[in-house]
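After the structure tokens below, expect a handful of questions from me.
Each chain gets a letter, A, B and C, in the order it is written, and its residues are counted from 1.
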Amino acid sequence: MSSIIDVQGVSKSYGGVLANTDISMQVQKGGITGLIGPNGSGKTTLFNSIVGYHPIDEGSIRFEGKEISKLPVQSIARLGLLRTFQQTRIYGAMNGVENMLISLPHRKMRFMDSFGQNSKADYERADMLLDFVGLYEKRFLKSGSLSFGQQKLLEFAMALMNEPTVLLLDEPTAGINPTLINGLIDRLKRANTEFGITLFIIEHNMRVIMNMADKIYCLAHGKMLASGTPQEIQGDQRVVDAYLGAH
Amino acid sequence: MKKAIFYVALLVFITAAPFLFPDFRTQLATLWLMIVVSMTWDMTGGQMGYNSLGNIFFYGTGMYVAAIICIGLVHDVGLYNDAARSEIMKFTDTQYFVGAIVGILGAGIFCAISAVVIGYVTFGLRGPYFAIGTLGVAIAAGELVSNWEWVGGGQGIALPVYPGDLDTGKIFFYFLFAICGVVLFIFLKWLYQTRFGAAVNAIRDDEEKAEAMGIHTLRYKLTMWALAAFFVGMVGGISAFQLIHFEPLETAYQTINLGIFMVVCVLLGGKGTLWGPIIGAILFHVIKEVTWNYLLGWQWVALGALIVVTVVYFQDGLMGWLLLKKPEWFGVRVEKKESTTESVGGAS
Amino acid sequence: MDQILGNISLLFEFPVVNLKIVIDGLMIGALFALAAYGLALVWGVMNVKNLAQGDFVIAGGYVAWYLAKLGLPPLFGVPIAFVIMWGIGWVIYKTVISRVIERDLFTSLLATFGLAIMMAQIMNLLFGSDTQSIQLQYDTLYMFDGFVDIPIAKLLGVAMAAALAAGVIFFMKSSRMGQAIRATAQDARAARVLGINTEKVYSFTFSLNAAICGAAGAIIVMVWVIQPFYGITYSIRSFVIVTAAGLGNLPGVIAAGLGIGAAEQYGAHIFGIGYQQAIAVLLLLFVLIYRLIQQKRLRQSLK
């Protein structure tokens, strides 16, 4: 496997506070990579640096070999590097199907295509993916009226609709009913295997990430603390200390 | 079927209107102007969430471009605008009509291009900055043009008079405006249900999310504004020929006149709907024409008050109000029903 | 074109002309800064972008002008305009602004634009559309062989503006209300949780803004001219200054205000007085573009 996202020596500070110091990491193509760390360890900062929400002070971020650390959000998204939001963002005034159809991969359309109607295949794919995340029954409801967990699933389905190369998920299980978490883990894994989407997941819930990822990076105090397979991370005393220290 | 009859009847009425109400031909033409500018304002304001206060820029620019093309095809523009000479320089009938048609189309095209150029800069601005930035563009354009002697400076331009008799002239301009309006309506009806329309709505509802989903936000925004500008530019061009004489600050770049009327019309009728701007424009135009002369100089104060009251108390407009009261008219019924059974199911 | 080049070369031939332009610009800029400070206050505290800002200035000017016409000493106009505009600001807050605060930004922008139209038209009906000013009986200082003339009236105006600004800053720093205003500006919800009556803070802030503008207008009518429809230009100048300086940056507002004043004087000198309005607006576009480029470097847009 080759790396698809390559982060080299990235530093980022906010008004003197070092949020990320000299971070280097890789996301392997076709795999599931996890990013963990206690609160305030700089996970979201790193994530935002990758997707282009703020400039970085030093270092380089490459996506499929292309430098993206200077590109704005939409250009990065158009390369096929997609993100979901920690506080879900869906179009609340539209129903599920409309939300899905808006998520069609516009980057793959020619300009004139965007003046076309949605094809039957588009509708079928929307229905299929809504079924995949278990929202088929609720597809005509105004999405704003869905529960938080369901909105999260809808956002996930929208991301799949967009046919990304890499999907960055910011705490996918936060705020989701614990009984639904196993189902979500299963779907994330299937998105990885069946749709061939590389996943890069920030997660707080250790059980979730240990079950899914094949490679995990652990941040603490803005520095890369440890990396390795789930087993290695679980056995790493520094990681345990970092988490205990944070509590 | 019922819809087809409705539209055919409407079209017949539109065609017959200037003959049914011969005394109101100019009024009706102005009504069409209001309808077109309201609909185009809603394209960005209502559908895309970019509230421009400067769309009047395209109206004024359309006027000037149409006039310059029409004059330039036959005479030297600078000489013509040298106040004394416009009386002497004459146009033949063919020159007039060719000039008018080419000028009006050229105005539309020029405005579309300038929308892309201006939009490339201003669409980096969001929300209120966009509104103020576009207002700035409109005011600046008016001030600069009024200092530009080649196009007549503060005096403006006097175009040739319509060569036929007065009544056919009125009918001619009525139909120019009406064709613009009808074409625009059909175009928008189609546009709003393409993927493009959906993407533009996505930009309105959450631009950051739309960006994060890889939608070409800037490209779509520019396209939408250019399309709007094309139509505003054309009606601007038509107005130039209809008014015969126009000057920069009060007629062409009339920021607080037509420039704000269009916003009020859309708000009255309902933002982000196909019919809202049309209904709003009719409502506003009728109210204005009926009351304007009775207000004895206080009409502008009343207009300001109308804006404030509309914005504060009635922002969703007539269509928004109907949507709230009669959601089934808008096909929201399915969801409504499902959600009620849903909640019942959840409760039991 | 020749005229413009001639005007520019004049600046190089007689450097002292620059001094006159800069002094004039700074004196006017001080008044711009005052109005802009009010806007920054309202913008920062209640997130209302007030397009009627300039009309408050002009209204304050007409209050002072009317009083002077009734025979009151002109300098009294400043405090009285302050008080009267406070009242008008309070009424406008209660009737309009308080209802749009929680809504989206375009609502408040458009509502204040409607107010601006109303105010300008009412002043037009009450006072007529002629330009007005108050003539003060003070001498003019001549320096550099008469190249630079500074009317003492203008100096007095600047001094009053400075005193007013100092008073407001002192008030914001030391009084309880000032603290409450600053707390609300940082986080209205937290302030509410901590027992600050934000409604009162809002109405106070808006009234204060109107009063500051009114006083600025009362000074402007003594050193310059006013006209019912000049308001929008002052609103735009205020926006330029606040956009250039950023919110909550008082030294920046003052610097930007003085800078805009000087830039406008230079523009008027080079391009001619007919372009004065255009220059004020073009400066807005320049500042917006500059800020955009700045934001682009931060991978952000200007929100």
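FYI, contacts are C-beta pairs under 8 Å (C-beta built on N, C-alpha and C of every residue); 3 or more make two chains touch, one makes a residue touch a chain.
These numbers were taken from a predicted model, which means no experiment stands behind them.
Colleague: Which two chains meet at the most C-beta pairs?
Modeller: Highest contact count belongs to chains B-C.
Colleague: Among the chains here, which has the CA centroid at the largest distance from chain B's centroid?
Modeller: A
Colleague: Can you check how far apart chain A and chain B are, centre to centre, with Cα atoms defining each centre and the answer in Å?
Modeller: 42
Colleague: On a C-alpha centroid basis, what's the spacing between chain B and chain C, in Å?
Modeller: 33
Colleague: How many angstrom lie between the CA centroids of chain A and chain C, rounded to a whole number?
Modeller: Centres of chain A and chain C (C-alpha means) sit 47 Å apart.
Colleague: By the touch rule stated above, which residues of chain A touch at least two different other chains?
Modeller: As it turns out, chain A has residues touching two or more other chains at 73.
Colleague: Of all residues in chain C, which are in touch with two or more distinct other chains?
Modeller: Each of 296 in chain C touches at least two other chains.
Colleague: For chain C, which residues count as touching chain B in their complex?
Modeller: 49, 51, 96, 99-100, 103-107, 109-111, 113-119, 121-122, 124-125, 232, 236, 239, 243, 272, 274-275, 277-278, 281-282, 284-285, 288-289, 292, 295-296, 301-303
Colleague: In their shared complex, at which residues does chain C touch chain A?
Modeller: On the chain C side, the touching residues are 296-300.
Colleague: For the complex, which residues does chain B have touching chain C?
Modeller: So the residues of chain B touching chain C come out as 51, 53, 121-122, 124-129, 131-133, 135-137, 139-140, 143-144, 146-147, 256, 260, 263, 267, 297-298, 300-301, 303-308, 311-313, 315.
Colleague: Chain C touches which residues of chain A in the complex?
Modeller: Against chain C, chain A makes touches at 52-55, 71-73.
Colleague: Across the complex, what residues on chain B touch chain A?
Modeller: Those residues of chain B that touch chain A are 191, 193-196, 198-199, 201-202, 205-206, 208-220, 334-335, 338-339, 342.
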